[in-house]
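Following this line, the structures themselves.
Two complexes come next, and they have one chain in common, chain A, joined by chain B in the first and chain C in the second.
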Partner chain A sequence: MRHSIRIAVGPVHFRIGSDWTQPIAALKQLYVSYPQDEARPADATVRLFAARPWRRWVRPSVHIGGDFVVPDALPLPLSMGLLAAEMGMNLQVALGWRRHMLLHASAVARDGRALIMSGESGSGKSTLAALLGEGDWRLMGDEFTLIEPEGGDALAFPRAVSLKNEAIAEVAARVDAARLGPLMTGTPKGDIRHLIPRADAIAAMHEPARPALLLFPRFGGEAAIESMGEGEAFVRLTEASTNYVALGEAGFAALTRLVRETPAFGVSYPDSATGIALVEQLWAEAAK
Partner chain B sequence: MSAVQTFVDLLAGRREASTLEPRDWDGVIGIARSEAMLATLAHRLEVADLPPTVAALFADQRAAAAVAQRQALWEAEMARRALAPMGIEFVLLKGAAYAAAGMACATGRQIGDLDILVLATDIRRAENALLNAGWEWVKSDPYDDFYYREHMHELPPLIHKSRDRMIDVHHTILPRTHRITPDALALVSDAVTSASGFAVLNPADMACHCAAHMLADGDLQGGLRNLWDFHSMTWEFVAANRGFWDQLGARARLHGLQDAVQRAARLSRDLYGAVLPAGWNGPETTDCWFRQRLVARDDWGRVTRPLLEQAFYIRSHWLRMPPTMLAQHLWTKWRKR
Partner chain C sequence: MPDRVYRAAPPGALRVEPLGELTAIFDRRSMQTHLVVPPMPEILAAIGAEECDAATLAARLAARFDFDGGDDVQMILAERLSELAAMGMVARA
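This part shows the complex of A and B:
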């Protein structure tokens, strides 16, 4: 393709091709400090392309393709090319990765132990992970957490954090502007701005962490903590995993072990400060 | 050399994996994924000298394919439990059949829907038995439903409501309206029992179906994989039975599929290096279009040559139905857009 870039996030090596220079330039800015290995073959391919040649220039719209495609996925305007790239990368991992069990969850780590947060879009898992990652936690990822089927360790997937709507101002107030990507307004997911993880989180992206606490956050409502049984955590995580079924018995064994060995809680919180306080409280108890 | 050529050469065993530059793998892996053949390649190169990250990716693919195959055979077992009590016998087709028979082409092969063949006289009862056992219609519009029932060689696809897996119930192997009418009764009555207990087509019929599916029915999408199936199975059948090519020729004539079968054999010779017996090597000037269509992918996995792709798409419809019916069908489909 005309423009391309190679990006390594955790164990996954992407090659991303584009008919336009803008998405690649934006990715370059976000991923400039990630480790580069030009000789390493790519595990996954993402293509950002114009459906018709003239649509490169006339009302340019970015179709998302690659090894795996979602039929009938709507294209995005070129101004949201970076979002298209992010969606393409997520798609390839969600549908193609088999080495680890994938959880649609954010994670942070401290002292080699991981806090995993799973929830729907809007639960605040990304925001909490981003804010914790600016404190004395290591950000492991805001979208996927990878569980090693053999040993049960969690592995990081620290792509650029996708901040949405109100979370943008909240995080932007605390970080150097150089760590923020361009603001994309009015996307199908609302306003989006990317945050480059801290250098130490990127440097440590291959270091596994032992799952120590599972949280299911819910943004909004009174502050509340609810202990969750193994069965409920298991069912919720099967829904949060994109490859649980494809992994067969290995997935079942990995997930069973995760919920047996890791205490789980549902957490409701009205604002980020309360959310973080609840997380720290539960961690202090769980990590004893 | 183009990535797709490298991919074909690696499959055929003409090229050593160790001679690839690290970055050559990008295109090879991309094409293998586009053709749904990455796990097949991973098996072919199981003991090859590979860059460590490629070896790790291939190991993932082999493990995942083994799980997928077990799931596909489980789905076949589910169909058996639904149909056997009604006394409906069925024959496994395509991927599930290759897996049930433990064939070489099954290792690493992606298996999509479960394809089964029943006698035309059993098709209504099979439909009812499956509906009673938890399968349901994939939502489709009345025209599609009518079209399947009137003109196709299979029921409209059914999906199982809890396992989310599709089943295609065939009563023959080419659409009713196709210019060629294979002998469906012979396919079922001459089926054989595989080691796993499931009925599968006999070797010659299996190769006929593979060729028909690739060359007489579709537009050659996924053609490299279908051709690999054909190449691998004919090689295996010949190794077990030296008279196989003659039997295949006779069976292809019975079904009216001699052109498709002979072309599949020549293409497997041209791409994968099959050795054909005398009488099968006849020159065929139009083969070049098929070869070009099969390898029309660039190193990003994109289909190149859109006009050729379009031409094969039109050809597939041309073979499937008479011209007036084709016109009606396209008109209905166009109005529904």
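This part shows the complex of A and C:
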């Protein structure tokens, strides 16, 4: 394709091609400090393309392609090309990755141990991970966490954090503006702005961490902690895994081990400060 | 309803992992995961290598657990066996 970039996020090596220069330029800015290995073959390919040649210029709309595609997915305007790239990267990993069990979960680590937070969009897992990652935690990822099927370790996938709506101002107030990508307003997911993880999180992205605590956050409502049994955690994580079925028995073994060895809690919180306080409280007990 | 006869899955076909109140069962033949609650794991454990109907199963479970294997128990077990057969974890003999 006319414009391309290679990006390594954790164990996944992406090749992203585009008919336009703008999404690639934006990716270069977000991923400038990530390790580059041009010689390594790509694990996943994303293509951002115009449906017709003239649509590169006339009302340019970005279609998302690659090794895996979602039929009938609507294209995005070029101003949201970066979001198209992010969606394409997520799609390739969610549908194509087989080396690890993939959890739709954010994660942070401290002292080589991981806190994994799983929840639907809007649960606040991404914002909590971003805020913890600005404190004394290592951000492992805001969207996906990989579980090593043999040993059970968690591996990081620290892509640029996708901040949405209210989270943008909350995080932007705490970080250097140079770590923020362009603001995209009015996307199908609301307003979006990317945050480049801290340099130490990027440098440590290949370091595994032992899962020590599983949380299922729920943003909104009174502060509450609810202990969760192994069975319920198992059910929720099978739903949160995009490749559980594809992994077969390896996925079953990895997940039963994860829920047996890792205490799990549902956590409700009315605001980020309360959420972080509850996380620290549970961590202090889990890390004993 | 006639008391149907069932047989267990072949040895090694099911991987059974208790997870607190639930039991997760991975069927290596279908690659499906089943989540069950009592008395399903107990039935699977008791069905054994021999072919077995609800009356035999009731007697085995009654010997192991503290209850009498009366008609109502047999009826419940027959229903559970039929459900296990629908999930593919036991087969009609």
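Observations, loosely collected:
Throughout what follows, the second predicted complex is superposed on the first by the 288 of 288 C-alpha atoms of A that agree within 3 Å, B and C clash if a C-alpha of one lies under 4 Å from a C-alpha of the other, contacts with A are read in each partner's own complex, and residues count from 1 in each chain.
In this text, a residue touches a chain if its C-beta (ideal position, glycine included) is under 8 Å from a C-beta of that chain, and two chains touch if they have at least 3 such contacts.
Since this is a predicted model, take the numbers as computed values, not measurements.
Residue contacts after overlaying the shared chain place A:Leu131 against neither chain B nor chain C. In the superposition on chain A, A:Ala109 makes contact with neither chain B nor chain C. By the touch criterion stated above, A:Pro41 is placed in contact with chain B alone, chain C being left untouched. Once the two complexes are overlaid on the shared chain, A:Ala201 sits clear of chain B and of chain C alike.
Contacts of A:Arg260 after superposition: chain C is touched, whereas chain B is not reached. For chain A, the partner that touches more of its residues is B, with chain B and chain C as the two candidates.
Look at A:Gly17: by the touch rule set out above, it reaches chain B but stays clear of chain C. After overlaying the two complexes on the shared chain, residue contacts for A:Phe234 are found with chain C alone; chain B is out of touch. With both structures placed on the common chain, the touch criterion links A:Glu249 to chain B and to chain C.
Looking at chain A, you'll find residues 248-249 touch chain B in one structure and chain C in the other.
Within the complex formed with chain C, the residues of chain A that make contact are 229-232, 234-235, 238, 245, 248-249, 252, 256, 259-260. Across the complex, chain A is touched by residues 22-23, 25-26, 29-30, 33-34, 51, 53-54, 56-57, 60-61, 63-64, 67-68, 70-71, 300-302 of chain B. Of all the residues in chain A, the ones that touch chain B in their complex are 1, 13, 15, 17, 38-43, 45, 47, 49, 65-68, 96-99, 246-250. If you check the complex, the residues on chain C that touch chain A are 15, 17, 19-24, 26, 28, 31, 33, 35.
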